[in-house]
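Okay, so chain A shows up in both of these, paired with chain B first and chain C after.
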Partner chain A sequence: MSIESPRAAPRKKLPLKERYALLTRDLDWEPSYVDREQLYPFTRYEGIKVHDWDGWQDPFRLTVDAYCKYQAEKDRRLYAVLDGFAQGQGHLTLSDASYLNSIKLFIQAVTPLEYAAHRHFAFLARHLEGPAPRFAALCQSIDELRHTQTQIHTISNYNKYYSGFHSWSKMHDRVWYLAISKSFFDDAMSAGPFEFLIAISFSFEYLLTNLLFVPFMSGASFNGDTPTMSFGFSAQSDESRHMTLGLEAIKFLLEQDEDNVPIIQDWVDKWFWRAYRLSGLVAAMMDYMLPKPVMSWKEAFELYFEDQMLGGLFPDLDFYGIRPPRHVDDAIAEKEHLSHQVYKILHNFSSVAAFTTKTPDHVHLDWLSEQYPGTFDTYYRPTWEKHQRIEAGGGRMFFRGLPQQCQVCQLAISFTEQDDRRKISFRRSEFRSETFHTCSNGCKWIFDREPEKYVQAWLPVHQILKGDCGGPTIPDVLAWYGIQTGDNGEYNGSPDEQFWRAWHNPSLRHGE
Partner chain B sequence: MNAAHRQVSIDVQESEENRVLIEAIEADNPEVTIRHLPGLIKLQAPGQIVINRESVEQRLGHEWETGEFQLAIVSYTGNVSEWDDDQIIVKWEH
Partner chain C sequence: MSVKALYDYEFPSMDRAKLFGEDLLVYVHWEGNPIFCSAVCFRVPKTMRFGEFVTSFVVPWAESDPDFDHEAMKHWRIFDEPLDVADDKSLADLGIGHKALLTFAG
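Moving on to the complex of A and B:
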């Protein structure tokens, strides 16, 4: 005879759907001593009609305990990679120190956007009326703060050894090329809550973050930067949840009321073009700033945007009466040109930037010729070869004037016309007896739709000329930007390049 | 083109543990195609991709929660139409 010890009954675990319902929606309550309009004062003035907030489905069905568990595990894995890299002097195993210029641009232009997203999703987590979207926005707000922190921690390791990483937060508010990304988020954050959702959650995160993060982070991996790849993929894994929020947001709003459809279509049109223009910086990073390139902008655009989004998503949205974004054909026509035209701006003006640039060598030019067989040799190769000849003679071209900026996207007006790729695309609008200039049909359409908003743009060139940027000379402005000697200009011969060579060739070390 | 033919995709970070997950996805979705990028594996299939908890657990040899997929995924295209304790389905709806 044996005596069985009493076993504890197995703990009953509720199915995911029930756990989610209990821990999310069932914790909500109806207000009793204020009315809903007082409690949620921001969800009506845009004209969006919502009849049933419970129609919002969160496919991830995330609860607080599950969220904390998975995020903690992601961070544990990321910090293990960071520690290993720092302890093993991993920065010396990068493909080349010039690679880090793309990471300087990343921390100056993208990391502050993560923080801006954190702030505004915290706002939505208070102000959206349904408990499910409020909770999704809360998780996203925490995610975005995590992204800011992990990016700062990761990239600060490079600050010990390389130039240009020191004052990114101040630079983000002041430096000319960073106005491109800053103005994008300022525009979204000063819109209403639903426009923000379509701008950031849908147009930026669902439509375009694949272009922003996936091939570039794959490129970071290929160039030996495993910490950036790790924070990038870790952030993007949150991003996949954010993409779900974006897709859920647009479907929910479209299903709630037919009157929402034209409003949403306008926002899709506007924010596709704004996000696409911002992605021009990534196009330049992918095609020119990775010493070992992985995938051209054109290929990434075809794969992630044309195949996946236009081929997959938009036929789905057609069911609700949403058509592909206005001006999408201009973006498709520009895929052969975008990265070259944006990098030319960065190359010409890196004397007043917080990164260095260099002219692509013959191997890199050959790769670009292969990737862009129909256009590169005709339009761009001759320019780079001219730069090479000037540099072989001991020179280096920097543009010494101030470029005219687009009133909407804030890029220098230097894109070209679809029907004549040698002619600068330049559009004019009149508003209150003044003339305003934009770089494209997309940006002009955005300006003309809301001129009252865009006349307020803080355009760096205008501000320099007004005397608001530290003084009239280049050294005055650079000092106001916080840019130090070694941060800017030509890469070859820069302190970063000299240190890099010395670390890899002991005979060049000081004192030997 | 109807929803059954349009491509959906899932991008997964390349790692030892995710290799097993990818095997499970391949076994349960015969039409899936795989593309390798540095650090990353891109799975694509027409119409839908299904991830079954049981298939992953069989190969992994221990328990696996569908929520853990969040540790593997980098990105995706499609619509997450189901996510419960046993299954995740990414597909186009219309």
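Moving on to the complex of A and C:
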């Protein structure tokens, strides 16, 4: 006896639009035994009014099966590149081992943010009221987890040969310069769901994404780092989906109610400045940490921000009553100075960092003079030449002590006044009879807007001085940070530099 | 404007003076010297005399610039106001409070 399966009629394939409707919006339901406010407790207290959640347009119409198929294909291609690079000793074909300092900064500062984004988009995937934005947030949550994993897998290959790659997750929670990126994302995650969307999806992923990510990926491409470039490509189609989500989020909220406009303007003002201050680390990386530079920070800022955003996006948003971010003129005025001032912090303090730095040589200084013809020779070149003289005499200047930090962005207070670029711009506020210091008009405005939030900032310098970071001495703190000898300090003479020379000149043994 | 939240948003400051007991946090900035990216932050007893503060905290920090000259330190200020320093007065006597910013030219 045999069982014959009934011959199924060939199934008609549904058009994409219909499939999307059935597999996302159609899965939603009206609650019957709790009211909507109990089911979605976080969507009202920020003052945002949404009248029709179905007004959300999802331009991608992605379904779970299609999503998994695309992502699996991208993963297969990426892992083929990673295998080839590892088997062929690809790390030896990088432009120089010092290039990897930018990748140390990436895995320590950016990868944990991908993971934080994964967590918070999962939260939005539960708590936004409309099924379409919930599904978009769910896809982004999975994207961010995938980015975290692909970055860890890509960069772990370098951990076999180079310092500074071993404890990035612990470092992100503890180390002073990583508090800059951590505090940025913690600030967004501790805000309401709509502020988070404007902070991360719009201000971070739309306004400044090209400035934050493209330099790392172009830097990888110019400096022979095919694996990093490949995960960049692999993430690129996700990023364009995230940018579209950011734009859709702001347009949706602006269209829902006129009362939303001033609230959103305030968030755009705040989060532009916070993301811009974070981008200072990228500026330093672009102008100082790439052995083969791609373009200057100033040029990237003009192209990706001034032309594309101020010239392209904001005229469109003007229709909704949104103007360019407050303090944007301060950022424009600072474009000739930002990278030099932030790299100075890293150079002063790499003795207590999980990367190394070096003073730019004459060729590099000439490049910087060409890129910044109006300012570099006046303000920055003489100081680097002084460092060169100190090093020619066998020294290396590090900052023997701890810096004053900004209460908001947590960078050292190192920026200067627009009308006097030699004068540090100190700003301060008094709140409950206590003094709080900020680095700029932008950070002071953010502090004064919500002082109750920022008085709780975990400032690494003050925490060390309280004795909460492993002990009173520098070695105690470094041990607590997870920084090992050789991770930190000067690049020239470091283990990375010595190994690199020995690998490329077999007559040398390590240390010679 | 204050923080929008679903509950009373009231938390103490992370670095309030009380947590440092008899000590202060004090910032010192060497004006016009770009070899230091920023001011330095010290934890010091309120009762420490200014002269000792300079000798045991400020000088060891400033000396990482080989051009530093102890004798040339002048024009002390607290925030934007001139500070009339005296080596034998304590920080508290000079009106230096928690998280004060001192500046000198060198």
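The criterion applied here is as follows: the second predicted complex is superposed on the first by the 496 of 512 C-alpha atoms of A that agree within 3 Å, B and C clash if a C-alpha of one lies under 4 Å from a C-alpha of the other, contacts with A are read in each partner's own complex, and residues count from 1 in each chain.
Heads up, the rule we're going with is that a contact is a pair of C-beta atoms (placed from the backbone, for glycine too) under 8 Å apart; a residue touches a chain by one contact, two chains touch by 3 or more.
What you see is a predicted model, and the numbers here were worked out from it, not measured in a lab.
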{"item": "Partner chain(s) touched by A:G219 [first = chain B, second = chain C, both, neither]", "value": "first"}
{"item": "Partner chain(s) touched by A:M295 [first = chain B, second = chain C, both, neither]", "value": "first"}
{"item": "Touching partner for A:C443 - first (chain B), second (chain C), both, neither", "value": "neither"}
{"item": "First, second, both or neither for A:R428, with chain B first and chain C second", "value": "second"}
{"item": "Partner chain(s) touched by A:P41 [first = chain B, second = chain C, both, neither]", "value": "second"}
{"item": "Residues of chain A at both interfaces, chain B in one complex, chain C in the other", "value": "none"}
{"item": "Touch list for chain A against partner chain B, complex", "value": "15-17, 59-62, 66, 69-70, 73-74, 77, 209-210, 213-215, 217-219, 221-222, 229, 233, 236-237, 239-241, 243-244, 247, 294-295, 304, 307-309, 311-313, 315-316, 318-319"}
{"item": "Chain A residues touching chain C - in the complex, by the definition given at the top", "value": "41-42, 45-47, 192, 341, 344-345, 347-349, 379-380, 383, 386-387, 390, 395, 397-405, 412-414, 422-424, 426, 428, 431-432, 434-437, 449-453, 455-459, 461-462, 465-466"}
{"item": "Of all residues in chain C, those that touch chain A in their complex", "value": "1-6, 9-17, 19-20, 25, 27, 29, 31-32, 34-43, 60-61, 63-66, 79, 97-101"}
{"item": "Chain B residues within the chain A interface of the complex", "value": "1, 3, 6-9, 11, 13, 37-40, 66-68, 70-85, 92-94"}
